[in-house]
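Everything on this sheet refers to the single structure shown next.
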Amino acid sequence: MKKTEEDNGRYEIRLSGSGGQGLVLAGVILAEAMGVYEGKNVTQTQSYGPEARGGASRSDIVISDGEIYYPKTTELDLLLCLTQESCDGYFGDLKEEGLLIVDSDRVRQLPTQKAHALPFINTAREKVGTPVVANVVSLAAVAAISGICSRESIENAVLDRAPLGTEEKNKMACDLGFKLGLESRRIWSEKKIAFDN
Amino acid sequence: MKKTEEDNGRYEIRLSGSGGQGLVLAGVILAEAMGVYEGKNVTQTQSYGPEARGGASRSDIVISDGEIYYPKTTELDLLLCLTQESCDGYFGDLKEEGLLIVDSDRVRQLPTQKAHALPFINTAREKVGTPVVANVVSLAAVAAISGICSRESIENAVLDRAPLGTEEKNKMACDLGFKLGLESRRIWSEKKIAFDN
Amino acid sequence: MVEQVSNVTHKYLRPKKTFPNVWCPGCGIGIAMGALIRAIDSLNFNKDDVSVVSGIGCTARIPVYLDFNTLHTTHGRAIAFATGVKLANPKLHVIVISGDGDLLAIGGNHFIHAARRNIDITCILVNNYIYGMTGGQYSPTTPFAKNASTAPYGMIEQSFDPSDLAKSSGATYVARGTVYHASQLSRLISQAISHNGFSFVEVISNCHTQYGRLNREGSAVKMIQWQKEYAVPASAAARMTREELEGKFVTGKLHEVFRPEYVSEYQKIIDKFNEEEEENRQLQES
Amino acid sequence: MVEQVSNVTHKYLRPKKTFPNVWCPGCGIGIAMGALIRAIDSLNFNKDDVSVVSGIGCTARIPVYLDFNTLHTTHGRAIAFATGVKLANPKLHVIVISGDGDLLAIGGNHFIHAARRNIDITCILVNNYIYGMTGGQYSPTTPFAKNASTAPYGMIEQSFDPSDLAKSSGATYVARGTVYHASQLSRLISQAISHNGFSFVEVISNCHTQYGRLNREGSAVKMIQWQKEYAVPASAAARMTREELEGKFVTGKLHEVFRPEYVSEYQKIIDKFNEEEEENRQLQES
Amino acid sequence: MAEVETKRKKSFYKENVPLLMQGNEACALGALAAGCRFFAGYPITPSTEIAEILSRLLPRVGGKFIQMEDEIASIAAIIGASIAGAKAMTSTSGPGYSLMQENLGYAYMAEVPCVIVNVMRGGPSTGLPTKVAQGDVMQSKWGTHGDYFPIVIVPSSVKECFDYTVKAFSLSEEYRIPVTVLSDEVLGHMREIVKLPSQEELNIVTVPKPYEPPEWYKHFEITPDFRSPMASFGEGYRFHLTGLTHDEYGFPTASKTEIVRKLEKLRLKTMRHLDELTDVRVEMMDDAHIMIFAYGSTARAARQAIRMARKRRFKVGLIQPRIIWPFPDQIVREYLERVDLVIVPELNQGQIIREVKRLRYRHVKIIGLNRFDGELITPQQILDKLKEERH
Amino acid sequence: MAEVETKRKKSFYKENVPLLMQGNEACALGALAAGCRFFAGYPITPSTEIAEILSRLLPRVGGKFIQMEDEIASIAAIIGASIAGAKAMTSTSGPGYSLMQENLGYAYMAEVPCVIVNVMRGGPSTGLPTKVAQGDVMQSKWGTHGDYFPIVIVPSSVKECFDYTVKAFSLSEEYRIPVTVLSDEVLGHMREIVKLPSQEELNIVTVPKPYEPPEWYKHFEITPDFRSPMASFGEGYRFHLTGLTHDEYGFPTASKTEIVRKLEKLRLKTMRHLDELTDVRVEMMDDAHIMIFAYGSTARAARQAIRMARKRRFKVGLIQPRIIWPFPDQIVREYLERVDLVIVPELNQGQIIREVKRLRYRHVKIIGLNRFDGELITPQQILDKLKEERH
Amino acid sequence: MADTEKVEVKKKWKKRSDPVVIYKKWCKACFICVEMCPQKVFDTDRDGYPVVTRGLDCTQCSICWLHCPEFAITSSEK
Amino acid sequence: MADTEKVEVKKKWKKRSDPVVIYKKWCKACFICVEMCPQKVFDTDRDGYPVVTRGLDCTQCSICWLHCPEFAITSSEK
């Protein structure tokens, strides 16, 4: 997380996909992980209104060590996309050096090679047994890849919001996501070295 | 009617008494006589509201040859009072050289000697047979005493507003009032000479 | 039933307010106000526990004369204000008094909703079939074909039966009285106040100054005496045919049922939480 | 009664507006809109002569899709706007379509007054027992003890019977249908539109997204199919006891009477003056 | 009796003869002369006479009067009637005007012509129902939520009540906007002599009907001068109206450009025509060092006061706006360059004075003369204030 | 399940730990912390969460929640509840706020404490229900008829939503006046980390009860500082309340002196305490030649923008009022003496900028930066505007 | 008849003053009392106000004071 | 049984294409048609949308299109 005086180490994340994928909740969990467990300042916003009914869905998180002045995102440091549509729509908001993370099964056309494409939904369905926790899988991966948030914080935040009886599944999703993320990060940093060369 | 440039020959009249004496209507008639038949500018105002229910009643008329700027009365040129109460209340608004006209039976305590005290109500009751036309009697007297309005104009205006079948009585009331007024004016001008001496 | 009334009413008049009141000579509103006072007196309430709320209109001027917690609100909104008063301090006996325009025209929505909610408020409508205060415009109770200053060619709208409307909105006590039947009226009002739930009393009254004048119905006395002729007691009405009842109005208690009352239902929720809290406390202590 | 409907509806959809519509998948509002279209089609009106007016809410979004003179007003006020439309251009068939919150909560007053006035407007209530658009708050029709986002401990207010309220306010045609009984619904709506006077049709519909979710009533399909179980045709209801009807709702035409209609009564006054004028003209000419 | 009726019928609009009438009557007759054929209202002192007169006269000209259940319904009904093609009006006073604010906003948004006469009385709340005030001037600009740019007229005599009600209808049609006429208790109830103009002398504007076929018609077309033709319900155009922010066809929109275009149109359609929307009476300002800025009945006192003051050699003049919103920035700014003292008499605790101050760039003393006890400010009071400042 | 409930119950007010919450939630919790025990409201986007949360929490603290039939009834009910002794609140958005105006006027007139949260959305009319705007700022000062002198608060963060809802209750009690909190769609729905203060840290003011016996009690006593104790219904004082202009006892009056005393009191009780009613955050103004005047969510962008601009060596600072009405004349006037450019960014077509202009005595350039497409003004936009002016 | 007589006597004994008193300051001369009194106890005075003239006939039926809109009538016996 | 047969034949003859057509772009996959069709004409496709699989059983009862909230069903025979 880069820090400059001007932006207080501001870091902007967008989780995007389609309604029903639980991304608004994921955003809240991430904000809580960062704000409550990591002691950062955060703002979390989302789109409301007719567009929010069905159709696209997004949740934005701004994280900072200092006071957050402007509460909405301006240039994303990290963009997660669980649908092709959201990737097409929001990629332009990502900084040049920003991180793009996508579901490898849903986002087939990547706007850049520098992307982490991982099978969140399939992992959730196949390994946890329900696609509902795909949001948690991807959230954990986001944390792992970006390194902005410890595994513990994410896990705590997820469990705080998990309905009774779903704790196990959510924990599993967290683990899987983190694993996916760390792995991808490793690969990517290798790639990056390759790029840099 | 005195004329100065400043006031365009402004003349202010108040007809006052108690609710039910028909003074608001009398004010409207006078305004119509002056405005429609004598071609003057006029404004007519009255008090509305709870005070107007029962209790005191008043109707103010401002007459002018030119444009009337301020539409309400400021200093009365003429004050008619059909009750003691209204005389007590409004006498202070009369100019020093203004005309005070009162019902001689209802207003026993005169604030000045220079007043025309005439039996309007009794005349209406006894000579026309109904106290209802006391307003017309006094109106006609006001016209006669002040000389601001011709007998014809008053009569026309009265007849315009008279309900069908009451024309005769109203005409009679007009006549009687005019007579009373002229007589009083004559006496008073004599008195005035006496005063002046 | 001759009551000790003559001095009773004076006990409830505001010492600081001077009479005579604002109403036209002979207006039935004063009579209705007397009936209201006697009803409250008969219930032996502490004056501090009574709140009388009104909107705007001749009728709505009643509260200012009464030595209770009195609230003269905006036109039509008395019941909505009263709802807040009642909920914030349920020990108050809250009485709304309103004219037909105030309660049923601009205030119609609050009326039907308070009735539906079955909140423990007593609502008294002084129905003089016209807007008195503003000078004789038609109201939702002005009968078809009658005149009003805004119906110069006769009323072409249908009118409400306020008691029927109250009932189908959900009022759990409904009665109708007249200022002519002044003692019955106090009885109905005191029944209504005692009823737990939304209670409604329609009072037929006269506005001779406006309605009477425009419809040539004569003096205050005449209008009040006519009420006797058109009133049919509920008991008698039960035995009459529709045709016989045409043009008449039924007086007395018209409807009473019991349904969950809003304030009490709310209290149950609060109590549940209090109990839980208490249990928790005991658990922790033990 | 199989109608040629499938293409009929499309004839009345706005060409410029794109589908799919704003409603949640399976929402009954779309079904009600279909029934409305078929009703109008069956009456062979010219599209230019139909005006559909609504307030705010999910239901109130209907007009935008319809190729008529359509007016999406403010929350609760549709009937008042419609009154102006009708009076200014009586040849228009004016139809108001509203949700239970729109029509009966904030709009309750206009509803009872238009009914009282017996103005020739047809009012359709899509009753889904909840505020759909704002996310599941209770409405005046939410049944006692049911949940809503603002009644987290269960509804403690009583609810209206909208049809009963319409009737005692003065509506001269009253009917109830469901989106399940979709063909009957178009019949009732077309009867209502044909009726001269204030007509009212209550349509029982589902909001599974809010009401269904909060009360665990299942999917759209389930909620719609339940309507079949609880509906009792008016004819059958007449032979049933109160107890038997408990918890059910009666469908079909519930009430129809004829009383002077407002617009026609007004026209009579105008005509009278026109005649007088004419007479005068003739007198002067002769 | 029938004869009387007929006689009365013929007589309700007499041209060019002196007639004594109340301001409220003049508003009613002005409306009829302007072509108003629909009135919906709810009685309230001191405006009720307008409704009463129109309930009598409208059916005689084939128009409709309806007394609604409240003021919210009243303004809704006139908007509906206007959409269906009738020139429509309502009248009210403060409490009713407050209730109308939500739907007034609808009329601004949906660009529906209509006229609201607010006969002002003492506020806030029920206040002083039978007393005069000018307390609703700022409300008439800012009363409903969101941005809108109203046209508001303040007459100062019975004749102006007539003329400016006519003008209100014309502006309303021309700009497709609700226009408020701010009368007051004194004007409404005062009687003055008025000569009604003949039909030819009246300058009646009616918004033109579209010439294009329905397929091409955009009800909210953004034309270069922001004014556009208007079809009514039932004429074959089958357009859609909504209070949601909408595109030129009237359909709700989420497009940012369309939103901005729509909302800017609401501003520009009045603000781009400030010339036409400036109606100011300027008196004795040529050599004036002191400006009285007064409107409505207060301007009457001011007109007398400047004459009294001139006699006493005060170089004083009067600026009297008859259209108060949009505010006549241009003219006021010009005169602010020339004077060193401005007195703003108002029947409130200081409302329009803020607008005058807003236009000040340099040190000019701007002071209020405020009366709010239910009576008019008198010429003497203005003179006294002036003397006090220039002792 | 019961256990969960209990757990939740305990948890709704956690002191001094970081909590993630929405602005609407913060308003609701602020109200509870301030002692609010009555809420009446009607759902409307984007304010509805406040009602929903309070419907859950109020009964747990012995308070009452009621959903009324409309907004008019909602504000009437909270006024009634306040008169009967409960601290009371409602929440709404533009259309509802417009409907509340008449009864809001009643509360000003009858001097009834209560709090109204208006979560602003795009207007006018139904407008843009789910989009942010600041279009109701002038309405919050001028929305009801007649003269009144409101207190209006504009928070700019979730924490301020909490703090200033608490403050709204305190001011409301202290001045016996309705206080409006102008939140907006972004603030209402945005989540931020907040630490709630402990009960001791909260500065809760409750209007004192009278000490004198009922016979002597004047509900509307005009005290030297215009603030006075207040009895409630049912406490033995049996006073009368009316929206008619009244004397110190609350009885309607026609006496001119009493009318003037009453109406002046309404003005003086806020205008005589401008010190206490000024709450302005001043940033980097010491050496500034340029002033940004911004409020509410827009101030957030401005705070970032001034930092961006300072880096680029612009001498720019920020004035951010948290109490917008009464307007902070004094401070603004002071800084207007020192700067030569003022930028007023607003999510409307130019409202508060008029107030800034009103205070200008000399040539200072005052320009607006206006956005009204439903999105926030960004820091970059402010910076660009600044650059444009100082190319 | 003895019973009736007793009442009569008692009445006369009590009725030294008027059985009902009208507070003229509040009275608005609406004549409700005058016209509704079953015993015709009241007449109208010169100023048009009601005045008790047949006080002995009063049965204390309460009709007049129950219907006086001004609370201007009090019974001196009750 | 001859009558029934005739109908059957006619049906088959007409039903070269699907008896009802679903406009997938408008359909929101609410399953009302699927579950309310008395003839069980529909199945669900991979994406969760209804698809006509037993078109021959359709009696043109109109239930599906009367209840489709999206106007997404049209009959190709009516």
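Order of writing sets the labels: A, B, C, D, E, F, G and H. Residues in every chain begin at 1.
As a convention for this text, a contact is a pair of C-beta atoms (placed from the backbone, for glycine too) under 8 Å apart; a residue touches a chain by one contact, two chains touch by 3 or more.
What you see is a predicted model, and the numbers here were worked out from it, not measured in a lab.
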Graph distance between subunit A and subunit F, where chains that touch are linked: 1
Chain pair with more C-beta contacts, D-E versus D-F: D-E
Cα-centroid distance, subunit G relative to subunit H, in whole angstrom: 88
Centroid spacing, where centroids are CA-atom means, of subunit D and subunit H in whole angstrom: 30
Mean-CA-position distance for subunit D and subunit B (Å): 62
Averaged-CA centre spacing for the pair subunit G and subunit F, given as whole angstrom: 61
Multi-partner residues of subunit B (each touching 2 or more other chains): 49-50, 54
Two or more partner chains touched - positions in subunit G: 28
Sequence positions of subunit F contacting 2 or more other chains: 45, 59, 69-70, 72, 95, 102, 106, 125-126, 129, 242-244
Subunit C-touching residues of subunit D, taken from the complex the two chains share: 105-106, 108-109, 112-113, 116-118, 140, 144, 153, 156-161, 164-165, 167-170, 259-260, 262, 265-266, 268-269, 272
Residues of subunit E defined as touching subunit D within the complex: 2, 5-6, 9, 37-38, 40, 59-60, 62, 64, 66, 68-70, 72-74, 76-86, 88, 102-103, 106, 232-244, 249, 251-252
Touching residues on subunit D, where the partner in the complex is subunit E: 14, 16-17, 47-49, 51, 53, 56, 63-64, 67-74, 77, 80-89, 91-92, 109-110, 113, 266, 269-270, 273-274, 276-277, 280
Residues on subunit E engaged by subunit C in the complex (per definition of touch): 42-45, 48, 51-52, 55-56, 59, 65, 67, 69-71, 95, 125-126
For the subunit D and subunit F complex, residues of the former touching the latter: 56, 74-76, 105-106, 108, 131, 134-135, 137-138, 140, 149-153
